[in-house]
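Look at the two complexes coming up: chain A is in both, with chain B in one and chain C in the other.
Moving on, here comes the complex of A and B:
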């Protein structure tokens, strides 16, 4: 299969706000269940081990008309909760058997309770994670939270979730995470062969497909992309960051690239890469997932940095690892975690002489011209003056 | 006349007492470099005042400094300074007022500079912003820091796992850090004594808040309420001063009740009580007086509010418990209003509407605060549906004067009061 064919399929999945592929998976066998989740991270293995489909919900994008959702939110709140409410109220999520709202910010936190009020018969849970990274404190707490989740998933699926089943799911997700890392590594090595919009669509497909389908899709993409003969441009290498929750429109992602930037790292759909190393498949699987979360997980603005030195270090590490020449802070309007942390990250970049710019977007932003001009000027200035700007 | 004169004198006593307590506390903070007392910066909801005091340390609350600057009309310039230095216009203005205050020398209301804190104690309850605010402060002060993560009660209950997690952090992270910074060993008996004093003051506070159940309420539980919660929410919980303050206050309110008086306002006793309201959301501080006047001029009294529960939900029965000191601190942190899930918040407001015989719910939605504000429109619909009473929605901000439009708020309130009248008339007809 060519990259074009694979990406065409991904784009079809991306544009479908009725989640037909996930519905089809559910209908294929009686008794199948689907659990929706929002950014930034949940342990999908626990859902998977119960034989259920974890379904990543990332708002409604720029195609969904938000009619009801706006009546629930003031103008100064970001867009993803309103379009998610819209998905909920228009029957688009009527096949979903439960919803998880991870610990990321107060908006998603409150949305968990709104979901309970809006859909009293449907399981809705705020899923908390530790901000204390000691095994005997945060780890212990988190293991118990996962046990409670496991118990709830057993109830919804009607299946006992054995340790063995979770370890098996960890194995599958390890493979998945490795492939995700491979795609990112390939893009960083040869960005002209792997456009960011393609990586984005490929990762989005993973939000709605079962992991067993997404794995071969990524394998096929990697193989096809390596074969592809695409011209290398004189683009500069940048990292985009701040878009870990509400998603920018696809056109925005394309615009950054078209304006002369190769995106060599990003923070879209962090759930795919949250656990950064292989999770052991021997021993207590819940403990293994907790250890991975505490000691080998990605960083983001939704997390507490327990020392000053760690603030923004993940971003600077990525700059170095991916040989990025600049950072683009792209955050949704009104996004508390991203915008509160931005001055700290910008300071870290400034200290290390990494050029950076910032702008805000909404999932339905329509005007790309100003952003294209801004990123284009940024790319030009990097090419002209490098680190001097 | 004599009752009035008496209440005037008694009112002055509690207000004077509070004023004097605050002034003394600011003096203690600003003179810490000379006295050698150590200062912890910590946030209001879920603050560990009894514990901090048990180590002989002082507590400095950045939100309170922001409110002070808001009321003294200084926050606007501070916020703009912070925005000019790269802080987004979209984020909480308490954070920006605090950062702007630093750049202006961190001057306390007594005109003296605040010392840099010796400890940043992030008791992170009910709001994600605290976490990043704290990281921003740490960058400025570069001092010892410790965090207390308080899990959100997403399912409306406090589980053993949540409580154990908080207690464990207190034992193994917070207390050892306080010992190190203060140079004093943890003394559980001292903590117990503080907690016992807290519970005593809490009893009287609840009595005061409950007095608004009387039709012809003797208090305003929002505008007046922010003064009443002052000591218990801030640096005085667990002190003898707080006990005395609440005894004075209670005696004053008892007198008002006996005399059949309504709430005291900045312009004296309030006239006829025409509307009884429940208010959700924090007040605006930059135009606090003007905002309040829009209510009392119309005969509207706030009989219950949720803002007066952000620093502890005592009216639902919680008391600090000297018998179980750390567990009780954990329960206190876990139970604060903004750490409760949306269905619990709606239930609480519904109960207030019924118990306080309110005519309606007014939501003052704060642009800064997603913790409070995200979901408030749904809350209003729920309350209207459950109680049949009208709701109204206004939008302002905490300490950013750019987001307080007096004309809009006044118009909205006036039409709301008309709506309440109409609703009353139509319910009388049927």
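Moving on, here comes the complex of A and C:
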């Protein structure tokens, strides 16, 4: 199968705001259940171990017209809660048996409350993750939080979730995480063969497909991308950061690349990359997941840094690892976590002489010309006026 | 010696140039300027590329770097793309080394760029998306008046009592022109009024970027309109923007020239780094 065929399938899934693929999975066997979750991170293994489908809900994108959702939030608030409300009120998520709202910001916390009011019979939980990374404090708390989630998932699925089942799910997700890392590594090594818009669509497909289907899809993509011959262009290597919750429109991702940038790292679809190493499959699986969260999880603006020195270090490490020549701060309008930390990250880049620019977007931004001009001139300045001229 | 091609895909025309560059020695070998006229810009670009190579007596394999600019991001056979302010600045320095700012006046918008003596962009400003400061607007008006585009400049210079034309909106400006025609205003005075209105918008951009030294180079398709050049110089005096606006017979090629020269610079840099891109070409 060619990359074009795989990506065409991914794009079809991406554009479908009725979630037909996830509905089809549910209808294929009686008793199947679907649990929706918002960005940024949720331990999918617990849902999977209960035999249910974790469904990533990343707002309505640029195709969905928000009519009812605007009545729930002030106009200056980011768009993802409004378009998610729209998805809920228009029946697009009527097949979902529960919704998880991970701790990311106040807006999403409020959304979890609104969901409970909107859908009184449907399970909805604000899933809090630790802000303290000590095993005896944050670790203990997070294990309790996951045990509570496990109990809730058992109730919804009507199935006992054994330690063995969670460990089996961890094993499957370990394979998935490795393939995600492989895709990103391939793009960093040969970005002309792996456009960032394709990586994005491939990762988005994983939000609506069962992990068992997404694994072979990524394997097929990697094989096809390595096989195909695509022309290399004189683009500069950049990292985009700040887009971990509300996603940019696909055209924005394409525009950055079209304007002369190879994106060699990004923070879209963080749920796929939150746990950075293989999670052990021996011993207590809940403790293993908690240890991975505390000690081997990705840093980003969505995660608390306990010292000033650590803020932005992950970004500079990524610049070095991926040989990036610049950083593009692209964050949704009114995104508290991304925009509050941006000045600190920008200072870190300036301190290390890493060129950077910034702009804001909404998931339905339509005007790409100003963004192309901005990222294009940024790429020109890196290519032409680095240090030599 | 590095052989490069610069392709400026504009909204009205595609300009293609071939250069040979050896350090500071820059030789302009071949050129084409094709009006798009409802044709497929991709096909037209490929044809222009092939013809320029043929004119130079070369083959595609002899070209080290193919640089696009303007709307040429999607040209599939390009090596790299540079943005308009970058290329017009370098093109201006090539055509007039005294240039320290550029007014790029194209079919759809205008852009003022301030640069240093090497063509490095220091700052820039663009007109808004309304077409009233653009070549497309002027082309429409000349069509309504039944005047060929190459007659506009001369007629404008003969004006003795230019009319005020809206500089805010193309639709309002067109309405102004229709009223002027019905009032019996001469084509010269109408055109001069339009030139003054466009010049006002463009010189405002120069004032914002503080283009107060050296020559302001006029680039892009409108740069050969002598009437507009005169209006820009008058507006610069009126709005206290120092310096002088200067055009050049090859001004329409400014973007393509800059793309080709920057392409050569990039090729040499990539070759020095041992990049596969330089080896491949």
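One rule holds for everything that comes next: the second predicted complex is superposed on the first by the 386 of 389 C-alpha atoms of A that agree within 3 Å, B and C clash if a C-alpha of one lies under 4 Å from a C-alpha of the other, contacts with A are read in each partner's own complex, and residues count from 1 in each chain.
Convention: a residue touches a chain if its C-beta (ideal position, glycine included) is under 8 Å from a C-beta of that chain, and two chains touch if they have at least 3 such contacts.
Remember, it's a predicted structure, so these values are computed and weren't measured experimentally.
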Contacts of A:346 with chain B and chain C, given as first, second, both or neither: first
First, second, both or neither for A:60, with chain B first and chain C second: neither
First, second, both or neither for A:132, with chain B first and chain C second: first
Touched partner set for A:249, first chain B, second chain C, both or neither: neither
First, second, both or neither for A:72, with chain B first and chain C second: first
More chain A residues in contact [chain B versus chain C]: B
Touching partner for A:206 - first (chain B), second (chain C), both, neither: neither
Chain B versus chain C as contact partner of A:113, first or second or both or neither: first
Overlap of chain C and chain B interfaces on chain A (superposed complexes): none
Residue ranges of chain C touching chain A (in the complex, touch as defined): 65, 73-74, 76, 78-83, 85-86, 118, 120-121, 124, 126, 262, 265-266, 269-270, 276-277, 280
Interface residues, chain B side, partner chain A - complex: 85-88, 90-92, 95, 124, 127-129, 131-133, 135-136, 138-139, 142, 147, 149, 151-152, 154-155, 159, 161-162, 164-165, 168-169, 172-173, 341-346, 365, 367, 370-371, 373-378, 382, 395
Chain B contact footprint on chain A (complex, rising order): 71-74, 76-77, 81, 101, 103-107, 109-114, 116-118, 125-128, 130-132, 134, 136-138, 140-141, 144-145, 148, 301-302, 304-306, 308, 311, 333-337, 339-344, 346-347, 360
Contact set on chain A toward chain C in their complex: 231-235, 258-260, 372-373, 376-377, 379-381, 383-385, 388-389
